[in-house]
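Each in structure tokens, the structures are laid out below.
Okay, so subunit A shows up in both of these, paired with subunit B first and subunit C after.
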Partner chain A sequence: MMAISTHNHRSNPWPGRLSALLPLGLLVGLVFQAPRIQSGRPLALAFEWVPGLNVHFALLLDGVGLLFALIITAIGLLVTIYADAYMVGHPQRNRFFLYLHAFLLSMLGLVLSNDLILLFVFWELTSLFSFLLIGFEHASAQARNSARQALLVTGCGGLLLLVGFLMVGQVTGTYALSELPGHAAQLHRHSLYLSILMCMLAGAFTKSAQFPFHFWLPNAMAAPTPISAFLHSATMVKAGIYLLARLHPVLGGTPVWMTTLVLLGAFTALWGAAVSIARTELKSILAQTTIMALGIMTMFLGGRSAPALTAAMTFLLVHSLYKSALFMVAGAIDHQTGTREIEKIGGLARFMPFTAAATLFATLSMAGFPLFIGFIGKEIMYKGALTEDVFPGLAAGATLVSNALMTAVAATLVLRPFWGQPRKVHPSGEAPWQMWIGPLLIGGTCLGFGLIPDWVGHWLVEPAVRAIHVTPVDVELKLFYGFNTPLLLSMITILMGGSFYVFRRWLRRRLSQLLPALPITTEGLYEGLVAAVISFAKWQTRRLQNGSLFQYLVVIIGATVVSVGWVFLGSAPLSALWNPPEFPGWLGLLLIAMLMAIGIVVQARSRVLAICGLGVIGAGAAILFLVFGAPDVGLTQILVETLTLIIVAIVLLRLPPIEPQPDANRLQHTLRLTLSIGSGVLVSAFLIAVTQHDVDRTITTFYEQASYIQAHGRNIVNVILVDFRSLDTLGEITVVAVSALAARALIRKKRSAP
Partner chain B sequence: METVLAIVCGCLVAGGIYLLLSQNLVRMLFGLIMLSNAVNLAIFVAGGLTHTQPALIAAGDSVPGASMANALPQALVLTAIVIGFALLVFMFVLFYRSYEVLGTTDTRRMPEDGPARAYPSQNTTTRQEMGP
Partner chain C sequence: MRSVILKTATRLVSALVMVLAVYLLWRGHHAPGGGFIAALVAATGFALVALSEGPAAVRQGLRLRPSHMMGAGLGLALGSGVIGMLAQRPFLTGVWWPPSGVVVGTPLLFDTGVFMVVLGAILSVLLALEET
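Let's look at the complex of A and B:
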């Protein structure tokens, strides 16, 4: 049965193929909205969601949202087609497409939310689906660990983000993103500004793998390659960038914002670029360059000039294109050759011409050669870096070095695997068409966009920049801006990149020696923290759950007595409760008999004596019920007490005699006495306090009035049980039945045991 | 009146807890019975004992005339007695069964890793005791 169903999943690719219609439909729909967005009229949609908390299900499609949404749906479509071939024969193929499109919708929700709380919900959903997709090959321990690490890091950031959102809501009184820029001045002056900023940055930096949270992204490469192409290069890791862009007009422009973003962004970029040189495995290299790219974007969002923001948005588009294409290529190479080690493959171009062409286009854009969109991205980057408000020199320097390293990596990526002599591993031919059509289309787009930069600027970048810049700006993307500093820097980049490529082996050797020698890494700190939490949990479990029933009872009873006693006696001292009791003599006799019976049971050495004592207590209670106007309760009590004692007698016949069993030590005995006397005093004090006030008989009066008129019964207690509260009685009968069944099972098991 | 019954309840609770902490299954069983009685009595007392007429409507009347005992806590206690009984019976069987499997009524001497280790040695004696 299992085998048949698995086989069916394996052989039916159509659910996955048809699911490509979802991103296709969304993409077409979004394209039709572009003219409206370009003319500056955002599309808004809002329902009430939690009106009591001022939370709305509000969506808004504006310039930034459109840019992100187009990237998400377009690359989502190509990745779906790609995965149709990549996941062929995988037993959980349909589940893969389900997760993929659930992620796609969450990511779309994230970039379209106009409500901070809604944005948070989608934010966490993307983390969740990322977790499921990284751990998709759940049989592998490495995939599971990476998934958990990514979830913990991005999840913790997400929680801090929620705190930040709530503080923004407290300060401004609104969760609507589109209204927040109007409150910017108020937020900047507020004493919570720094806390809000830190929470937001924690969310954005964990999600977008900025230093010191960058370590989860390379590990996330345990995911299937289509996922790396989609989530971990083009979309999810850009969510942090999206958030920073969105918050730019709200929280941005202050010295602390600019300093933090520029410094951490620049460091992350240099770090990612340097480490990528040291790697030889394709996906690992690409992951490190993604970290570098995210660093660059963060750095530019630290600026407030129009060129800096334009650079961030343009590079966002440029990077999403070339990086998703290169990931898909890496998957295709893996698929055809069985390895992703760059030193093991060579000369693939003659076997895989389409993949080679796609790689060539994508890497030329990555390296920033003229005629490609990457070149325009780089020009605008240098222009942006030079207009940063803080550290323009550092920004320009970091951009220059990172870009040069990028050029060298790009050269490595296209020259090593595809040109030169074939190496150890030979491919089995060109990849299936689904696996090269996407990269080739994207590679073509890199070239096409590079040829019509003003069109790209007009339709894609300008609306996005306008949405996040305080004042209206015009964006002009051009192929050639004239002979100026950015052009000079571009030329230097290519020259530097070339020399880095020539010396890449030497660089790699030096870096591979240097990196493991680092005394402290943030991943090490993270692992240490997780290990510390786990060992603390183990320690406290050993302490608390040590198997001693006595200790459990002491903790439970002690906590109750101390906490309740603390609150209760703090408000009403014992002396205030005391009034001399008045009672008739016969009652006194009964009570003395009961107290003696308690003493007998507590001290009993003989089982028969103890049962007699219990009988006196039970009968005494029954008499009290009878005397104080509860004949039904009294009768039930006598019946149940008799049954209980009969069963106790039967059970005791099978248990050994009660041996004197002294407490292990003085402390144990003191604890026993203290806790029992303490709880007794507490119960007495409670009851006295309760009975000192008149009982509210509203509900009782209702039952008294309605008993005969509505339920036609003269015994009010009985009417309550079988009529007004009959469901409670049904529950009671159920408890009796379940308990009887459980008791029966316990005895039965013994008899049938071998 | 209520004060003195409240003190009796307190004594029942104190005795019950004292026995519950005794680390001997038989004494713990007695403690549970006492606690069960204490709780039922406490609910009853909390409802007030000023009126002692049973909550009944006289024949011919459609609403009760004179003031009478509080019917609501009585209904609650009735339910509590039965549920308490059910739970006690289950506890008795559980205690009996754990003595059979673990071979002791002293909770300190029960093996920490459960019956897996204790079962084989106990099993033979149990079967002999029960007979065919």
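Let's look at the complex of A and C:
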């Protein structure tokens, strides 16, 4: 109880509530731009960002951007309101809203970027926030694994996407999206076309969960439900669709584009639809139907006729609406009953009338009943499928079967939980108003849009299709096109869906037997790959990072001696070494003292003696620095020696005495001796050889002259450190700070360990 | 191992060492010295106190945690760079006041940042070791 009250104290609800003003403001702003966009005048904004690389911070609001931006802000607003109740009392409530709106802005940036590199940055940001939000309940191992999986899959796709973008930049000389359609013919003919296309598709397919990368999306349901409603149904997973739509006039229309998109899209759609039947958990069902919907959109973007593209854009809108509403409903059911298993709940409509109404509207749209926008979407889908350039029959068949399965799923979603006999689990009443107002508004919109399809077509779909279709088109969405093939197919869909619903238990049983029996799944391949990487990393860490300081030193010094010695002996005439530089005779005494100290260090049996010997060597080196005119270095050397002595003195008390080397280690002993003498001789010879040549003093002269004039300092070393090369110093002190923190943590950890 | 002689000597010597450190920091721009060296000198002073009176005395005398000192130092170094930007010059460009007759410049601020980071780093390790 104590813990909860302190948490509540920390999670003030108002920051989250007020953050709803962000999507609200953006939404209102976007709505006011709609007439301008509709009349075909895109809104552009550009700053210079990295002019040297031809990369600009360029934003463009056109038809397709507006459609996505409206979906992002409108659903973002409703999800924020929803989450106000869903996240109530959560200790990390404010962090949740921070991530949510950071994602919202990244997603908006993605759909408004007019520069490929900028788009990539936003693309990666959406992956990053998706990672943070899937892993939001980071205490759960499942959430962490799912988050990592989503990040790895979408991240790899993102990197390939960057490669594709760079290749496009190389071929066309521009990163501006709005200029790329003009280069379409050039790209199609180019020998890199196939590589570019594959990279782009890898990015889009991983993000939009297309087969074979579909497996991360159902796992992403570990995220809090508002996130599933927002990121993993309405917005982020549509980023791949957005990219395909954007690139349609640039890379699209070729046989390989059409074949790949239609075949993979159709397969993904059928796969998602079939698996959704086999599932009984609400969010899992919804995730699978999202995969199906993304497959359908990909399939239609494979076509190049106006109806195919219209179908893709219309279904995008239709799906974002009903799916986000249904996710919010799933969360509300979970919130009120504590379960999302549809077999455990029933008859909720009596207790949760508003939620039930919202579900009814959303599922009717999902099933494609007349008067709902889903019906219009389905009509145009069949029209689009029949005009595909490749495999029109297959496209129509896949659309028909997956739509029929969708109808069955929609019926299951509304009838099982809300009507029928109440089951074991009873709800604690209607959900808080924040949790049903959003779904109800969206459900109402599904109906409203269905009643005024020409308005939707005029304001939302037509500008989007115009932006991605090569030639101008007029989009007419109508409630009734007359008695034709699409209408017939719509009717068949509903009939088929009805029979699927009746036989759903049988279907579920067969599919649940079939799915685990698959010999290879792409998720299995992913897991295998990750496990292989981890075991390889463990193996090489055990081999290379085994914690033996001696071994590290042997590798480092040995590698230096061998590689530097090899080059040095091969290039420098050794005779030069017989001409060592002049130095005062009394320094010979110093050298003798240092050599004696080395002898003591090597022979010492006590650590104190060894440290003192090292101190003598260090002091000797400092004197050498002073004599040869480097007072700063000499001073530093002395101070470092002093501090080392103090630190070693502290550590010393805890170390065991030096153990005499047993004879068995004679080989090791010889190795040490060889390496020490070898490196010493090499470095000395190297330095002598260097002094034989005239050193290029350009830089030294520059510093000598500029130090006082430009930087008002006479100590050149210091002026270089704090002025001329201060950026380097800044980096170095950052490293110092970070390593000190790490060292302190290690020392502390050792102490707290028993 | 609390020796009275060491304790008494430490009072005097550590104070002198601190003064020396500040002096080295100040004169570093024209003569041997500077933030890094000054931090090493100051660290020896604190190490002396830690040896004679224990790490708690150092912490009390510092009033500032070593890790916070590092953070403040990094902030100071960054901030001195931002001053250059405010003067419409590239990040980390030295700015002097007054502009001609040079008294103080942002490099001194930067060097003070280096001083604090290095001192904080050494002390955080030293004190952690002492307290083990």
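To be clear about the criterion, the second predicted complex is superposed on the first by the 544 of 754 C-alpha atoms of A that agree within 3 Å, B and C clash if a C-alpha of one lies under 4 Å from a C-alpha of the other, contacts with A are read in each partner's own complex, and residues count from 1 in each chain.
Everything that follows uses one rule, which is that a contact is a pair of C-beta atoms (placed from the backbone, for glycine too) under 8 Å apart; a residue touches a chain by one contact, two chains touch by 3 or more.
This is a predicted model, so every value here is computed, not measured.
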- Task: Determine, under the contact definition given at the top, whether A:711 touches first (subunit B), second (subunit C), both, or neither.
- Result: second
- Message: Applying the document's definition of touch, where does A:679 land relative to subunit B and subunit C: first, second, both, or neither?
- Response: first
- Message: Tell me the contact category for A:594 with respect to subunit B and subunit C: first, second, both or neither.
- Response: first
- Message: Looking at A:740, would you say it contacts subunit B, subunit C, both, or neither? Reply first, second, both or neither.
- Response: both
- Query: Does the superposition put A:88 against subunit B (first), subunit C (second), both, or neither?
  - Reply: neither
- Item | Touching partner for A:647 - first (subunit B), second (subunit C), both, neither | both
- Taking the superposition as given, does A:637 touch the first partner, subunit B, the second, subunit C, both, or neither? first
- Task: For A:24, select first, second, both or neither according to whether it touches subunit B, subunit C, the two together, or no partner.
- Result: neither
- Item | Contact breadth on subunit A, by residue count: subunit C or subunit B | B
- Query: Now for A:494: first (subunit B), second (subunit C), both, or neither, which partner does it touch?
  - Reply: neither
- Intersection of subunit A residues contacting subunit B with those contacting subunit C? 631-632, 636, 640, 643, 647, 651, 654, 714-715, 717, 721, 729, 736, 739-740, 743, 747, 750-751
- Touching subunit C in the complex, subunit A uses residues 631-632, 635-636, 639-640, 642-643, 646-647, 650-651, 654, 711-715, 717-719, 721-723, 726-727, 729-730, 733-734, 736-737, 739-741, 743-744, 747-748, 750-751
- Message: Looking at the complex, which residues from subunit A come into contact with subunit B?
- Response: 547-550, 553-554, 557, 579, 581-583, 587, 591, 594-595, 598-599, 601-602, 604, 607, 610, 614, 617-618, 621, 624-625, 627-633, 636-637, 640, 643-644, 647-648, 651-652, 654-656, 658-659, 661, 664, 671-673, 675-677, 679-688, 690-691, 694-695, 697, 699-700, 703-705, 707-709, 714-717, 720-721, 725, 728-729, 732, 735-736, 738-740, 742-743, 746-747, 750-751, 753
- Message: Applying the document's contact rule, which stretches of subunit C touch subunit A when the two form their complex?
- Response: 28-37, 40-41, 43-44, 47, 51, 66-67, 70-71, 73-74, 77-78, 81, 91-92, 94, 96, 102, 105, 107-108, 110-111, 113-114, 117-118, 120-122, 124-126, 128-132
- Show which residues of subunit B lie in contact with subunit A when the two form their complex. 1-27, 29-30, 33-34, 37-38, 40-42, 44-49, 51-59, 61-64, 68-72, 74-75, 77-79, 81-90, 92-97, 99-101, 105-108, 112, 123, 126, 130
